[in-house]
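Some structures are shown below for you to check.
Heads up, the next two complexes both have chain A, just with different partners, chain B and then chain C.
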Partner chain A sequence: MLKTILRHGCRLRSVVNMRLSAPLCNNIHTLTPSNVQANGQIWPHVFVSRRTRMLDQFVKDAGQMRTPPPLTPRDIESRVLRICNEYDKIQEANKNKITLETHFMNDLGLDSLDHVEIIVALENEFGFEIPDADYDKLYTVGNVVDYLIKKMNVTDRPKTTVSSAPDPRYDDHHH
Partner chain B sequence: MTNNLTRSRVLQLYKRLIKLSHTWQAVDHPAKTAEERLYIRNETRSLFRKNKHVENANELEEHIREGEARVELACHYKNPYPRLVNLPTYSLPPSHNRIRYKSEYEVEDMSRPIYLKSYEIKEETSDNEEPSKT
Partner chain C sequence: MSLTTRLPQTLKQVRPVLSTDHAEAKRRVLNLYKIWLRQIPYIRVDYIKNNWTETRLRDAIKENFMRNKDVTDLRVIDLLVVRGQMDFVETAEIWRQQHNTATMDRRKDTYKKKPFGFLERFYEGH
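And then the complex of A and B:
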């Protein structure tokens, strides 16, 4: 609702923030005659369209803050790798070489206490509790990613959302 | 022999402490929240690693009790630091000038509370140095 008001409002009101210098005003007269509105004012079409685009982008960004983008498996994988890299017990040499096949205990030399710490960090990141019975399954990075995908029901293609907005740019969020 | 039950108890205790270190709020000195969180995290890490090789079942049980006691005390008094205790009555501090008999060691072990179990008293090496607790 707010975005429709903004969208229509910025087209009707004059652009008061834009200060046009005198030579620029003279040059605008040379633009296409479609710039001239009914009341004779020269409406600098190029400035208006840029400001509209900026406002539309702001509205779109604000709307996207309400619903986060849907998760993809690659997204989960990158977050898991980032958390593993941030863990301070891992040696510097191994830091950026963590792949899906690295085993926490065999390859990185961590012990079960470090494993618990990593899982607690993952719980904080993804926001849900991992029960103790599942710790045995989570000894490699690949297993962790698969477990998270299964738990969060992440599919490859994000579901298409139904919205009432006629503009396909605003289909990412709902009112 | 660490069977799976004690192992899972230890790991649950560790997990509880790590989560405590993330959500700890210092009540007495609010400016020291970060410092106390760091203290909790480092204490759990160092003490758990120091006692990692304990094999005796009774000792293990007592160490688990120690961890749980410290967690409960910290949550109740809102103070993560352990309350240190003095020597028991009618006993002298260890020094290199004096022979300590076995009974004296036993009395001292019995008098120390459970939550200070992992802490050691270093013997004095000279008269000028004070005994330090690690």
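And then the complex of A and C:
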């Protein structure tokens, strides 16, 4: 009987091995069959494969639950300044002279096409599209920063995870 | 009394092609410029034989826009924008071939600035 179980387990071992996740793959390099545990106990391959599947799922879930740290207004400001400094027409003369009060056209001498280029660079950096009605609000660096902060709902202090007060952003759903 | 003051108001108005004022025309031009900018990486891949750098392509596109920088007539601007959109579709769908695309970065002014002095206008036949 034991012989049968062992043979059965060995026959399906390759299938089980394919399901092993990366951290569990170390078992493959040792020459023991995968249904033999570290303490020498033999588990049916059904248990092993089910456990492997669950572990894989846990790893996947943990990866999805990881969130990036929240943005602060200072982050946005530094990113906008970096984009403006990287833009080659600004780089020629005015590198590192850019402040929040710098006006793209009056101070830097850019035309409206250059302005569009900067806006496209901003869109690529922050990952959303800026509608063309808002272009004339974005003539100074400070205006750009304020606009992005408003658009992306960035707040200075991190939100508390547990709070009895309802989130004001979701008010629309309750009323 | 000059001709413009004698003409009735209804005769002076022309039917707009697309835009009714300069702000709208400008918006159309900027939008067109934006979609060209967005297309740059794809143009580089689609027309890989032209061996453009990203900067060169951007300058070429800007050159093509700046060729018509002196145009002020709304209807002309609209027609140029429509032509630019058709050019864009041709480029994006890879209907162009190598030499056809290469003409994009040839420096050539299509619009001749109007002479403003009396004699210059006389020489030009105005």
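Everything that follows uses one rule, which is that the second predicted complex is superposed on the first by the 91 of 175 C-alpha atoms of A that agree within 3 Å, B and C clash if a C-alpha of one lies under 4 Å from a C-alpha of the other, contacts with A are read in each partner's own complex, and residues count from 1 in each chain.
Convention: a residue touches a chain if its C-beta (ideal position, glycine included) is under 8 Å from a C-beta of that chain, and two chains touch if they have at least 3 such contacts.
What you are looking at is a predicted structure, and each value in this text was computed from that prediction instead of being measured.
J.: Would chain B and chain C fit next to each other on chain A once aligned, or clash?
T.: clash
J.: Applying the document's definition of touch, where does A:V116 land relative to chain B and chain C: first, second, both, or neither?
T.: A:V116 contacts both chain B and chain C.
J.: Could you tell me if A:Y135 is touching chain B, chain C, both of them or neither one (first, second, both, neither)?
T.: Both chain B and chain C are touched by A:Y135.
J.: What is the contact status of A:D88 with respect to chain B (first) and chain C (second): first, second, both, or neither?
T.: second
J.: Determine, under the contact definition given at the top, whether A:N153 touches first (chain B), second (chain C), both, or neither.
T.: A:N153: touches no partner chain.
J.: Considering each complex separately, which residues of chain A are in contact with chain B in the first and with chain C in the second?
T.: 112-113, 116-117, 119-120, 132, 135
J.: For the complex, give me every residue of chain C touching chain A.
T.: Interface residues on chain C, with respect to chain A: 26-27, 30-31, 33-34, 37-38, 55, 58, 62, 65-66.
J.: Residue numbers of chain B touching chain A in their complex, please.
T.: Chain B reaches chain A through residues 7-8, 11-12, 14-15, 18-19, 22, 45, 48-49, 52.
J.: Please output the residues of chain A touching chain C within their complex, sorted ascending.
T.: Residue list for chain A touching chain C: 88, 112-113, 116-117, 119-120, 132, 135.
J.: For chain A, which residues count as touching chain B in their complex?
T.: Per the stated touch rule, the residues are 111-113, 116-117, 119-120, 124, 132, 135.
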